[in-house]
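One chain, subunit A, appears in both complexes that follow, with subunit B as partner in the first and subunit C in the second.
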Partner chain A sequence: MQLTLWTYEGPPHVGAMRVATSMRDVHYVLHAPQGDTYADLLFTMIERHDRRPPVTYTTFQARDLGGDTAGLVRAAVRDAYERFRPAALLVGESCTAELLQDQPGALAQGMGIPVPVIPLELPSYSKKENWGAAETFYQLVRTLCAPLAPAPGSARLPRATGTAPKANLLGPTALGFRGRDDVHEVTRLLASLGVEVHVVAPLGASPDDLRRLPDADFNVCLHPEVARSACDWLRRTFGQPTVQTVPIGVGATRDFLAEVARVAGLDASVVADAERREGSRLPWYSRSVDSTYLTGKRVFVFGDGTHAAAAARVAVEEMGFALVGLGTYSREMAREVREAGARHGVEAFVSDDYLDVERRIAAAAPELVLGTQMERHIAKRLGIPCAVISAPIHVQDAPARHSPQMGWEGANVLFDTWVHPLMMGLEEHLLQMFRDDFEFHDGAAPSHLGGPARRATVEAPAPPEFDAHAVVAEVSIDEEDAPADDAPAPAQPPRWSTEAEGELRKVPFFVRGKARRNTETYAADRGIVLISLDTLYEAKAHHGR
Partner chain B sequence: MATTISPRALPIREDGEGSVQVHLDPAEKIEGTLVVAVYGKGGIGKSTTSSNLSAALATLGKRVLQIGCDPKHDSTFTLTKRMVPTVIDVLETVEFHSEELRVDDFVYTGYRGVLCVEAGGPPAGTGCGGYVVGQTVKLLKEHHLLEDTDVVIFDVLGDVVCGGFAAPLQHAHRALIVTANDFDSIFAMNRIVAAIKAKAKNYRVRVGGVIANRSRDVDQIDRFNDRVGLTLAAHFPDCDAIRRSRLKKCTIFEMEPTEEVVAIQNEYLRLAQSLIDGVDPLLPEPLKDREIFDLLGYD
Partner chain C sequence: MTAAVSVPLPVLRERGQREVFCGLTGIVWLHRKLQDAFFLVVGSRTCAHLLQSAAGVMIFAEPRFATAILQDRDLAGMADCHDELDRVVTELLARRPDITALFLVGSCPSEVIKLDLRRAAERLSARTMPAVRVLSYSGSGIETTFTQGEDACLAALVPELPAAPADAPPSLLVVGTLADVVEDQFARVFAQLGVGPVHFLPPRRARDLPAVGPGTRVLLAQPFVGDTLRALERRGATPIAAPFPLGAEGSRDWFAAAAAAIAVPATTVDAVLAPLVVRAHRARAPYRARLAGRRLFLFPDSQLEVPLARMLHRELGMSIVEVGTPYLDRGTVAADLALLPETVLSEGQDVERQLDRCRAERPDLTVCGLGLANPLEAEGLTTKWSIELVFTPIQGFDQAGDLAELFARPLARRERLTV
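Moving on, here comes the complex of A and B:
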């Protein structure tokens, strides 16, 4: 454990809140101090929910600790049930309350509440938010569906002829990345193959909906971070197969449709037909002439496991970018992300330390960062264009418009959101390059407003003459100061002449850092103390070879 | 001036009171499943007995999970027909980030669907065996394996050499003790009885019975059992088929069904059925070392 100012994932009870908030007729009693109620704001402020999460906090205070905190739990459970009359009750504790060892789940189970009471044991100090969401969803599904389970080993009945195949969409939750829009797109995708969506869960599902899960022919695991353990249990218990491909990008959408067709027992030709009818504009936009300058852009990808692995594939196979870094904060998804990295020639990393991620981004010197909101901040600091591809989300990531990541329309959205920052970056570069131009300097009036309004009155100061003699003199002084024996290379980085510094500014900002480092390394290797214009170009020629 | 409190004024406390270490972390508790721990002197045939018992339980239609808790990690050998990597081996490959693991990494399906796990152990002379068992149980719980299992069998190494290797007792309902009809293994059994008695103060574990192994006669065992309050749960004579099954990497249920083999199979099935039906808890009183010498002497 380490102290930090910010994290990619919250504690596991926040994951449980995400599941509870996604669902209908579920209430969550959370044994937690007053301070932990802040989590409500994540849903109402960031995702603009029109009601508070269905969570009752016991809100114990310091003075309660001398008394009966277990009594507080019992009162909160009773009151919450009386007031909200949920169809299922989740009972758990936050990281702070875990230390009290009140076992709220076990307490509530013994209270005779007439609906299923699901105790949540979420170890706050070893697990995180997504694990908490997955465990909560699993426990809900298991508690509600286990009574319906057939005897172990009994075979699943085949689908009645003449009926459409039915699929459950599992995994989308509140505070996920574009879950609402992805459900819409994936429903459309399945409809294009003639597959009906049976239940979507947790998003929008009630406990009764969860009891209907076993009736579907198969499950679609849209967010393995949340739904994998539930899908695995449904497969083991009810023999429901799981579609595992997450349809982010054109290639993955094709693979997804092919997997659905296979699992649903449909003819493979329906997939090509569906793409012909609908399809994405991404492939043509990527190939089109005005996008050719995007080819080979160096891109760094970081996010949750599902989105990071998917983005790596889209970046390389569909946009023609070069992947220079891939990472995730989802330990549970380390395997998939490492495999994606290996496929595209980079060694993927797992880290939940944003300072570590920042160091890696700076070292990789990418031209585009695809990440979470934290990578957006990092990219801004480093002056690199960025697009957000993954939770944790920001108010910007819950847009009013339809903006999916999955399916054909999702691929269109990916093209736009990833390419625009690069174009903006180029514009930024042009602005900087021409900022001293007589037409474009700060004092010049906009050309479309007609006529020059006022002349620039301040003369730009003449650039100082580059005095080669002075440099030689300085160098010789330095040499005299140096010890007589073979001294190691100076620890000080080489200095830049004004002229070379000016020339460096003409280098596009997104490769400037790299040009500066390369030149300094070149100079240091040769014992050059002052980088002149010539050094800059020699270094460029050297590294170009 | 602070008044000094005489030791007499302090309340007498049970073992574990006032300590958060002694009681099991509730996250590690195994609910809804029958948990059996098999103990006994080193080399007495615990692994063979455990594996044959697992096979018998599986034959009776139970979902069985066998956890080998021996650094030698060959407990489930006759079930899986190979040496499987241990939990500790697998955890090492992911630098102990257990979240990265999938069930298939450390659970292997053996004869008749018995799930097999080798906990492994710390390097010789270092670490803590209890930690290894704790990590294994935690991992199995996190992956929800114990919820879909009817019987869990812990096969624990040799004698109870330290508190660490008594860790499975914290999870178990019943402990079975494997012994032969000789002084050394009965002496070890006495120590195990003492360890279980200590654990039974805080945990639900009770002795379920004694398994006589590799012994034609059981007179010495009976004499000890009568004295301390134990009963014989099963009796396996010194049978070459059992030894050969081990060499053939298979359980007794996969051997040529000679009369001798079938008798042993039936004895395992009888033991398995009695565990399913529920064996009465025994509360034996261990003997002092002096007393056990007097009772059995040197033969």
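Moving on, here comes the complex of A and C:
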């Protein structure tokens, strides 16, 4: 048993729903009890879908358990096929049905349904949402494309001269992070090299579209969490190379274009030409003197593997931040994230324990958190600015405007959204100079963000009334008890003199915990029992910023 | 307004896909109401995901609920589930020393593998009492629907209620979670009526359990607590029949029934309630104009559908196309049922067929869950999310206007928008 307050990923059948809901002409019959239909509202409310997810639930009840639950599966499959007439039918089970061992996939395959019936075996008690999405997408691609496979060992025909290279964009799904906008941006990027997008999948694809996948010259794996296994199979089976770079940030976009050019057999010069024509404003915005105040800002990054690794690079190389923490909940992306951490001087971690992530953020005392909706709440609680960079998402992460993460425009969006939560340069200076100003103290929110002042250490008790918008909208009720203050104190911590304690309060609140710990460590190392003003400044000089 | 039908309405019983939450969802409000209680779901990742999705991602930084997620090794018998549960509970209580009641909440998987949470609760209680009382109930989807989870929770509390002395004077017990503001209003009205002592179940703190005995008169504030009522009857309490306190009429009849059960003189009842009825009428009047004559379709969701349909028909003049309810507990909603007009009353659900009926009827307003609302709006129907009716103070005289407004707002919004 694992004690869990909040989860970063749902169960694997929710991953399958994300794939089914992304596609056209696909239906998913899910052997599941009453209540599992909650997952519909993830799509209809968070992403404001105007259609129900294409999912039929068998809705078995306790009184069915001694009887014919398999009969319920057959009836649901038959009714769903008759009503929706999909071009492919996914059949699987949720966690409870898995225990019944009705084998709904095999049952459905034996029913003579005249379209491909794809059984999904998604182990609920060991796997999670992204794995379920990847497995579902892979099974769909394999089932629909395997009949088209050439004989093993046969060479792929070269592209006809005079025709544009064609690429599939694989991986974007419903409930991803800005998938819709990223498809638009990446399509534009490829067009700037003269590469055509052949099929986008799962988002917007039909089973017939999946059958056309092998006709492309190569695949672009935009979300390895979802598409890597399908890309690998297409490479093995049809000899289609995979472009692996995910173009989030200016550097990664350049690398992506270079990789596309190489894979598509284009002259390398097209990359520089494309950037000259389009390009991002991020490099200039970052170099403009106004951005000086971003230098060395302490940033903590957490998210799915793709977005966390990409954000680490952008934070360090393109914003001039200092990376003080990097983690992911995507175990399957652990290698990539650890490599990204090593490149930027931090030891990356893999965890899906929300409380563990909170502890790590508190200990790292960052000035900015780049995370998921969960980290946004952690940051709010700790009084640290935050920008959301990854799923799991909430309703405000599915904006009406075009807001990609990928490509040149995506880099512009990253610059804006990461800088937005921060104090502006002069504001921060004034705050440090006149710390005791009653209207403009360190508990005040940045002036451009509005809202009442709040301090991390002063938590209002939660109002007891129910909130009507708790279901989909953001509500700002915090738990009454504040988190334990940073790390546990050592056995014999040095004491603070009154002057030193007073001076410590003048240190900006977001690094005060760090300053306190650094000073105490410094004092302890030197056998100092009473921290004076001098000790504080000696420690400051020793540790630097 | 059509007269109430004298013969019982026929019931359309449906069996198929249900688009409703399971009973675990009740934890979303119960854990706020019971301020010293913690709810530990013993279930799967799906249960944890449901709770956080229904609650909105992360309303509370550290909520008073959590999930003990069953894993492969628990199912394969490699780990003893009870040992594991002991470990998790120890971990949890160490984190939350402020907790005085811990509910182990059963789920679909824990029910299917027949994990005996009642026994676990007894075992753990023996260790943690008197500091922490450990109880259990099932919120599983195979046994409970949405608000039924609260019923199961409260029913689990009933055996824990202290026994009132046999000769105790009559007291009133109001059952079903109400918003604190409503509870306070109700307490004031009961005081004016001279009805007392009055207790509420659930109480705001799990350690403040009201006593129950033959002198206890039970008044239901919510239509989904039928099992709790029956458990209270087994402890000698007597139920008070009344419609639910929704709207001016419902609230008046509800308070009047309580007063009658405690033998409050009719003149006192009129003197106290009449001004409140007038105020409620005044509050709801602006919305009646917008809602009267409009056609309403209610999908099953919270069990509030029958009392709501009664109120919307009789007090706001709406015409009721269909009232869906997850299950029909005739005893609990008898008074409201008797006041319903001729309509389609459906129990259970086959969501596709019900959607077919709804589309064919093209009602002016459709009350439905979150999974259906946006798709129906996209088809041109105007909808009201039913879950808001559970998460909003709607009961009583002084909420009659707010309740009417909830139904008028989607129609008003549609009229405003020109895009």
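Some points to look at:
One rule holds for everything that comes next: the second predicted complex is superposed on the first by the 430 of 545 C-alpha atoms of A that agree within 3 Å, B and C clash if a C-alpha of one lies under 4 Å from a C-alpha of the other, contacts with A are read in each partner's own complex, and residues count from 1 in each chain.
The rule is simple: a contact is a pair of C-beta atoms (placed from the backbone, for glycine too) under 8 Å apart; a residue touches a chain by one contact, two chains touch by 3 or more.
These numbers were taken from a predicted model, which means no experiment stands behind them.
When both complexes are overlaid on chain A, the residue A:Glu332 reaches subunit B alone and has no touch with subunit C. Legend: residue contacts after superposition of the two complexes on their common chain; A:Arg180 is shown touching neither subunit B nor subunit C. By the document's definition of touching, of the two partners only subunit C reaches A:Pro11; subunit B does not.
When the two complexes are overlaid on their common chain A, residue A:Gln34 makes contact with subunit C while staying clear of subunit B. In the superposition on chain A, contact is made by A:Leu99 with subunit C only, not with subunit B. By the touch criterion stated above, A:Lys514 is placed in contact with neither subunit B nor subunit C.
Among subunit B and subunit C, the chain that touches a larger number of residues in subunit A is C.
By the touch criterion defined above, A:Pro123 lies against subunit B and subunit C together after alignment on the C-alpha atoms of chain A. Residues 123 of subunit A are contacted both by subunit B in one complex and by subunit C in the other. By the touch criterion given at the top, residues 26-27, 63, 94, 97, 99-100, 102, 143-144, 147-148 of subunit B touch subunit A in their complex. For subunit A in complex with subunit C, the touching residues are 1-7, 9-11, 13-14, 33-42, 44-45, 48-52, 56-62, 64-65, 76, 79, 83, 94-96, 99-100, 123-126, 128, 355, 373-374, 376-378, 380-381, 392, 394, 462, 464-475, 477-479, 481. Chain contact summary for the complex, subunit A toward subunit B: residues 101, 103, 121, 123, 127, 131, 138, 142, 152, 229, 233, 236-237, 331-332, 334-335, 350. Those residues of subunit C that touch subunit A in the complex are listed here as 16-25, 28-29, 32-33, 35, 42, 44-46, 48-50, 52-63, 65-72, 74-75, 79, 81, 84-85, 87-88, 91-92, 108-109, 111-113, 140-143, 145, 179-181, 204, 352, 369-375, 377-378, 385, 387-388, 390-393.
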